[in-house]
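Chain nomenclature is as follows: A, B and C, assigned in order of appearance, with residue numbering initiated at 1 for each chain independently.
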Amino acid sequence: MITFLDIVIAGLLLGGLYALIAMGLSLQYGVARVLNISHGEFIMLGGLSTWALHAAFGLNPLIAVAICGPVAFLLGFIIHRVLFKKLLTSSPSLAIFESKSMLASFGLLFIIQNIALLIFGGQIKAYNFLNSPVSIGGALFGANRMVAFGFAVVIGLAFYLFLARTRMGKAIRAAAQDPATAGLMGVNINNVLAICFGFGAAMAGIAGVLISMIYPVHSAMGLEYTVIAIIVVVLGGMGSIPGSFIGGLILGIIGSIVTYFEPGLTLAAYYIIFAVLLLVRPTGIMGK
Amino acid sequence: MLDGEGVTKYFGGLAAVSNVDFHIDQGEVVGLIGPNGSGKTTLFNLISASLVPKPGIITFKGENITGKKPYQICRMGIARTFQTVKVFANMPALQNVLIGSFFGTSARVSPAEAAREGTEALEFVGLSEVAATPAKDLTLANQKRLEVARALATKPELLLLDELMAGLNATEVSEAMELVKMIRDKGITVVMIEHVMKAIMGVCDRIMVLHHGEKIAEGTPQEIANSEKVVEVYLGEQTDA
Amino acid sequence: MTIAGIDYKKAPVLGLPLVILVLLAALPLYREIYDVILMTSILMYIILTVSWVIFSGATGYISLATGAFFGVGIYTSAILGGELPLLIVILIGGLFSSCLALLVGALTLRLRGIYFAIFTFGLVELIKHVLLWYEITFTHTRGRFVIVVDNETIYYIMLGIFVVLMITAYVIRRSRYGLALRSIGEYEEAAAHMGINVTMVKVITFGISAFFMGAAGAIMATRWTYVDPYIAFNALFSFSPVLMAIFGGMGQFYGPVLGAAIFAYLEEYLITSRISIELGTFTLKVSELYMLIFGIILLVAILFLPNGLIGLVEKVWRQISGGEREHA
């Protein structure tokens, strides 16, 4: 019999993934001010390439994390330098930049998704990894889910410490608060923005690797994750990294509860929460 | 005509406006002065409903207007200009003013009437020649006048002018002072935020002084000029920098 | 000089659109059915794009929900197709989309533009999920068949929707309402302080634009004859109008129409193309590449064509004619 605690734990495991995805998006929007609606496509790339590496070389997905993370970072960094930086210089105001960059990321969505479609095809792909159940307090959870959760938490914590303690982290926080002044204080703004965008993409890529360990993947999977990431970011407070982490866990638990009753309605449940949020507290949990 | 009781507004932990009481009588020209950041524009925003006081109550002609929407405030008879000019850049000057004529009053206005009122308003502020010019091509001084014309087109009983003289040279300041007097002569009550002392002293019947969001002094221009407290606040601000 | 925003000099320009309309109306008489079908698609894209511009172009709030409204129309047709007269079904399709838009607008248009954009973005995915769940749980089928309507009727209805849309856009533009709308787009805060109930104007305009998207969807469904949630609720239909408007230029009339016409034709050309590119062991068929190409074009347009094609043409024209503007 499934107890409420089992549902909550399952929710936390899912929430860890949500948190990771949302933190990436939060970083991109909070610092680089890009609402990257192609975020989910990076997740998809991470997932599909892990599947491909596993299928072709039998590569252990955990190793794929070490590959996909940096590759995604590089991809994000380059995309920012080539595309978004140019948009930044050609936008007369921040509001216009936010619009243009969002639309540009829309274009990016179609480009990435269709490249993936061409390379990998449209069928759903899956593989087995660490499927063996692990028992926590009597209930069974897949070892792969726990590993994914572990990774998500570790990465989240590591990044939080990075932001709070290191010099680069402080530069990033300064850039998020006030890019102009930060620039005057000697922070290389262009690099910082691109680095943050790259980090966000890396988190998405890694999340994709982890997701592929548990769920099937396909070239059209990105959109749903982007929507979830957006909802978590709003829930946690736009631009707040800790908020995204907490928001992810909360939404994961809610998702787990809804799945228990009616699996097909999780996204609908999330959207209802989204709507309620916009009604009563658009700034989110940690928002100003 | 306009009363405020305990008007307060916090942004995060900081009180931009703190427990301000004010009373504006009909027909007055009241100046609102204070160092930068003292909450003057925030107070205007609270009156014109860009922001909602929390706590505090504002009443206009006896009616509680706290919590109303900006368009309602406008139709009730309060109009304003903005510190950073907010004209409709790509529209011709006349069209800018027409927005005011068409939508600024509760009554329905026909296109012909609106056109007439709009042209009159432009004449009143001295912009008749540039009626067809896109607002973004006007000089700053003219853009400010355009804002005044647009606000006047809404047939206000109370006009809030936010730093009308900022960025103007000496001649332009005198012209602006004349304009304010003409507005007063039309029977419109005026509250003006200003840093240009000559204008404040020369036009206002009464002056209110804000500092760190609080009202620290109120009185006739003479009283304010002689007030030690006010002088200290302004001098103090200078030495801080 | 303009009086109340009405430019009396423009009235004679009505002549050209009338000629085009007559040509379009007579199309089935002098062209193959294939061309009629193509023109139906082109008209559909024009309707989606112009509707999108009526709201998003005017207010600056970017709606990514076009696919959702279009899909609602499609499904209305699928469900009510045989039960009610065709024109009523189309009307209802438009109305359902409007209702959805009014709801979404009332919720999100009070907030900053970014909330509106992201809420509309997720709508397509959301409705798709809910419908899939509904079909799995209750009707136990996936997708539905839509009543069959002959291609000529489809064409004329689409043409009709197009005409009504253009008239609506024209009336809005020339009216007091359109003036309010434009002032919101210019400077929303100032418009609000000049007595305009900005939220109401935004929500109503959003509802109007959604109506036409829904109506277009309702009639288009009859051509596809089979629809399921994946077909009906496709992000591509949120994307295409944006692409077409940005590429063509966001002015109220010619820009979106031109952009939509070009891309609709381009899409048709690419999909039916037999050209393929050899890349080592890979053979890339151009017909599968068109979405990718569109994505790239959008990026190029955003980067290099800020005012769209029309803007580019205007800029070139101004250079050529060496015009100078009067200054105050």
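We adopt the following convention: a contact is a pair of C-beta atoms (placed from the backbone, for glycine too) under 8 Å apart; a residue touches a chain by one contact, two chains touch by 3 or more.
A quick note: this is a predicted structure, and the numbers were derived from the prediction, not measured.
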Touching both subunit B and subunit C, which chains are there? none
Which chain is most central here if centres come from C-alpha coordinates alone? C
Subunit B-subunit C separation of Cα centroids, rounded to whole Å: 42
Centre distance in Å when subunit A and subunit B are each reduced to the mean of their C-alpha atoms: 47
Let me have the rounded angstrom distance from the C-alpha centre of subunit A over to the C-alpha centre of subunit C, please. 31
For the subunit B and subunit C complex, residues of the former touching the latter: 48, 50, 69-71, 73-75, 79-80, 82, 86-92, 94-95, 98-100, 102-105, 111-112, 114-115, 130-133, 137-139, 142, 150-151, 154
In the complex formed with subunit C, which residues of subunit A make contact? 35, 37, 83, 86-87, 90, 95, 98-100, 102-104, 106-111, 113-115, 117-118, 223-224, 226-227, 230-231, 234, 238, 262, 264-265, 267-268, 271, 274-275, 278-279, 282
Under the stated contact criterion, what part of subunit C meets subunit B in this complex? 1-6, 176, 179-180, 182-183, 186-187, 189-198, 325-328
Touch list for subunit C against partner subunit A, complex: 60, 62, 64, 107-108, 111, 113-115, 117-119, 121-122, 125-126, 129-130, 132-133, 136-137, 235-236, 239, 242-243, 246, 284, 288-289, 291-292, 294-296, 298-299, 302-303, 306
